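I'd like to ask some things about the structure below.
We call the chains A, B, C and D, going by the order they appear; numbering starts again at 1 in every chain.
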Amino acid sequence: MIEVRWHGRGGQGAVTSVELLAMAAIDEGKYAQGFPSFGPERRGAPVEAFNRVDSRQIKLRSRIYNPDVAVVLDESLMGLVNVAAGLKPDGILIVNTVRSVAEVRKSIGYKGKIFTVDATGIAWKELGVPITNTTMLGALIKATKVVKLESLKGPVDHRFGRIAQKNLTALKRAYDEVKMN
Amino acid sequence: MTKPVGIEVAVAAAEAVALCNIDVAAVYPITPNTHIAEHLSDIVADGRLDAEYITVESEHSALSAVMGASATGARTFTATSSQGLMYMHEVLPIASAMRLPIVMGLGNRAVSGPLNIWNDHSDIMLQRDSGWISIFAENGQEAVDMFIQAFKIAEHPDVLLPINVNMDGFQLTHMVEPIVFPTQTQVDQFLPSYRPFATIHPDKPLSMGTLALPEIYTEAVKARDVAIVNSKKVILRVWKEWGKQFGRKYEPVKSYKTAGAETLLLTMGSMGETAEEAIDALRKKGVKVGHLNMKLWRPFPFEELSKAVKGCKLLIVTDRALSYGGPGGPLCSEVRAALYDDPSRPEIVNYIIGLGGRDMRVEDFMKIIETAPKAKKSGGAYQLYGVRE
Amino acid sequence: MATLNTAQTYTTGLIQNFDLYAPKLVNKEEYFCAGHRACQGCGEALAIRLMCKALGKETVIANATGCMEVISSLYPTTAWKLPWIHVAFPNAAAVGSGVEAGLKVLRRKGRIPDRYVKTVAIGGDGGTVDIGLQALSGAMERGHDLLYICFDNEAYMNTGIQRSSATPFGASTTTAPAGKASIGNKTWKKNVPEIMVAHNISYVATACHSYPIDFMNKVKKARAIKGPAYIHCLSVCPTGWRAESKDCIKLGRLAVETGIFPLYEVENGKYRMTVELPENLRPVKDYIKLQGRFRHLGQVELDFIQKRVNLEFAKLMQKVECLKSWTELAKQA
Amino acid sequence: MKKQWPETWKEYNTGGIVFEPGNARSFKTGSWRSMKPVWDNAKCIKCGVCYLFCPEGCISEDKDGYFIADMDYCKGCGICAHECWPCAITIIEEG
């Protein structure tokens, strides 16, 4: 089972990310959960959202304390919350940033794998807005192989309708451009 | 059978209600049931369901409006949580007294104060004695199935009672998970169209909601009690039929790894599956422990519970609500009362868990099972698990 | 032995509005039957009876808890010949909303006969202007095809004459009693018809059973509106007002003639007096002296009431004279 | 004599519904009366004001157009007598 924790700010669409990932995994015949942090956070506030993906039925309904993967939609959160808290030592941290992996590692001190991608840049270019939730899904898929890239097409179409293609383009670019160390 | 789709449970619940082709819905927004209200209104707005959706100004009016609609012979639905259910309270027992087969979705949530929007069962427990049939979903699939079953149960001529389908707020309502939807044809086959026994219409004028003097009130109470007690037969029949048609089994008390179990853990609602992970872990260690999950709360499944606990020595009852100054959690109180006359009854301990969204991990259930034998067993003892002293 | 031979010495020219032989023309069918257990001389029961005649057979009634519900529906009997539903005290308007929605959708889906049935919600003053105000506001705002009629007897009579927000200034009630330190109820009656006008509904009227033809005409007019409508019917309660049963009709008439409860209707924002009153209103004293609930009032309070009644009446007349109907306004705008 | 109450809970109608509209007529409120109205048809102008104002709805027109009260229900409130223009109705003590 893979457990993912998403870090974003209220309004950045972290909840949409977990929905899309869960839907894609379920479409592949896997078992998955996607859920928000059940809080009263409003636009701008740091929020979390979660995924569990497994090949067998998931019976856990408790929170996720030790994720395998942490995804940071908004780099400015890194000074505010410990995005690596509880992250498994051999886990994966994926950050939306223009900084290099080495710089990120230095600032956060996390020993596991770190991936970086300029998701904001991609989102500005492809979507015209700095909303990085779908873009970061591309980076996550590349980093984890939790679902196939093409499995996102159905959920993204369903969710975004006429702007689905733009989102898929951004997602694919992040998939291609994500850097690892 | 269609393949599972990833969908938020509250949204799936609204889809299930729409599959039942309801005529009138009245829902007032409240966290965490709001997504049912939103999605149902979407379905009506998109023209996928021909229904009147009344955007009422309060939960009191929500239930009142569906009662009025139900009296005309319409198939009706409402949904709420916590304070909303409390606000409806006045009307709840009237709906059952008037024998209106309304289906209500409950996204269970703690009750103020202090204000808390997260999950426990305080809201429904405070409405326990309203004369409604009450069933609890353990996961999203059960929630979807139960909504469809609910209409069939409530509208059965031998029942004619309102019913609430309980699903844990957030833990279920806000969870995207795999759900298998029956097709419209399957639902239409399973659920006959509603044939009301009496309707409010000038063609046959009648008076509904009459006053009962002391000379008749007791008889009115008895009639309703008999109706809800007898509803169990219909519930069991409907569940059996569901199992046959859809392959998913429903029982008033679900047993998990109970064979040879000396200790049983009883839960209600969505924590059951997490608890089962604890059971699996302990069974691997050789601990003789099993799990029971109550799906039918009203009418209380006396026989099924009695049968399910047969042979066990220790019964750990977990409650998601507390009766202040009383004998503990309402579930445990009733379990104790139900088993009191059974000479071979197990020892019973009561843990109040998961209040107001307090998380319960597999380790927590393991800890409860491991420490329960040392816990005080008699005299209405209970403890609030995890409380900081 | 003869008592109480009562010529109509108190009426003025106003009574000419009452068509002498009109009673002969009203619907003879009784939909609210004898055998109900209202007090002797109950104005509210009379008003209900008249309402039913005006509404006719194709009607469903949703009734709030209160005197009329209690006296009419003791199981296993009912005084109602119209289909009738009672649920609780604060929610007649909400129940009515649901009945209306149910009838509408079932007719659309062909599950009930394809003809129009009117939904009418009724309640007393407590069930309307106090505990039921929220449900009423919601139902009117949502635009249901619902007629709401408030039968206002100016206190919680069912529970024993407690003060409501419809209780008039100076009335002694069991929760706002007159005493050495109190003149009784200290607030002016809440103007709920005006609150209903503010909901932008196309028909609002005040009425009183003492003007039965006027009342029934208003009910018929409101019934014909395919949308929300509101009628506020002053209903004399001889028991609660500490008056004689026989004076029931007379008291209603005096409430109107003194300007305390003027009869008017508001159609699409246009105010119209349906019972014209002379410029010099009858002194309020004529009305007040007949009722035990005002017995304790002195000249100071009477003067205060007279002044306030004059003011309220002037406010109303200003609306009658100045306000144009919305249709007219729309043409100008 | 018709039973006033159902004997057992089984006879209590589902939901407490009363299926016979207007069956409150079985309850005779005439016993509440201590005074009763008497019509003097010589004075009656057949206007029907008494009929219209009766809270019980127990006054009806006879075949000659005069009005009579059904004494099974008349509670003796006196409204009819008080409102009768030509003073054709008198209220007298019962008995």
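The working rule: a residue touches a chain if its C-beta (ideal position, glycine included) is under 8 Å from a C-beta of that chain, and two chains touch if they have at least 3 such contacts.
From a predicted model like this one, the values you see are computed outputs, not experimental measurements.
In this assembly, D is the chain whose CA centroid lies farthest from the centroid of subunit A. Across A-B and B-D, the chain pair carrying more C-beta contacts is A-B.
Averaging C-alpha coordinates per chain places the centre of subunit A 35 Å away from that of subunit B.
In this assembly, the C-alpha centroid of subunit A lies 63 Å from the C-alpha centroid of subunit C. Centres computed as Cα averages put subunit A at a distance of 79 Å from subunit D. With each centre defined as the average position of its C-alpha atoms, the distance from subunit B to subunit D rounds to 51 Å. In subunit D, the positions touching at least two other chains are 5-6, 12, 16, 18, 21.
With touch defined as above, subunit A holds no residue shared between interfaces to two or more other chains.
Taken residue by residue, subunit B touches two or more other chains at 98, 204-210, 212, 216, 220, whereas all remaining positions touch fewer. Interface residues of subunit B facing subunit A in the complex, by the touch rule stated above, are 3-8, 32, 117-119, 170-171, 174-178, 270-271, 273-274, 276-277, 357, 359-362.
Across the complex, subunit B meets subunit C through its residues 23-24, 26, 50-52, 54-58, 60-62, 64-74, 76, 90-91, 94, 98, 199-213, 216, 220. Looking at the complex, you find that subunit D touches subunit B at residues 4-6, 8-12, 14-19, 21. Considering their complex, residues 57-60, 62, 69-70, 73-76, 78, 80-88, 90-91, 93-106, 108-109, 111-113, 117, 134-135, 137-139, 141-142 of subunit C touch subunit B.
Across the complex, subunit D is touched by residues 97-100, 160, 197-198, 204-210, 212, 215-216, 218-220, 222-223, 226 of subunit B.
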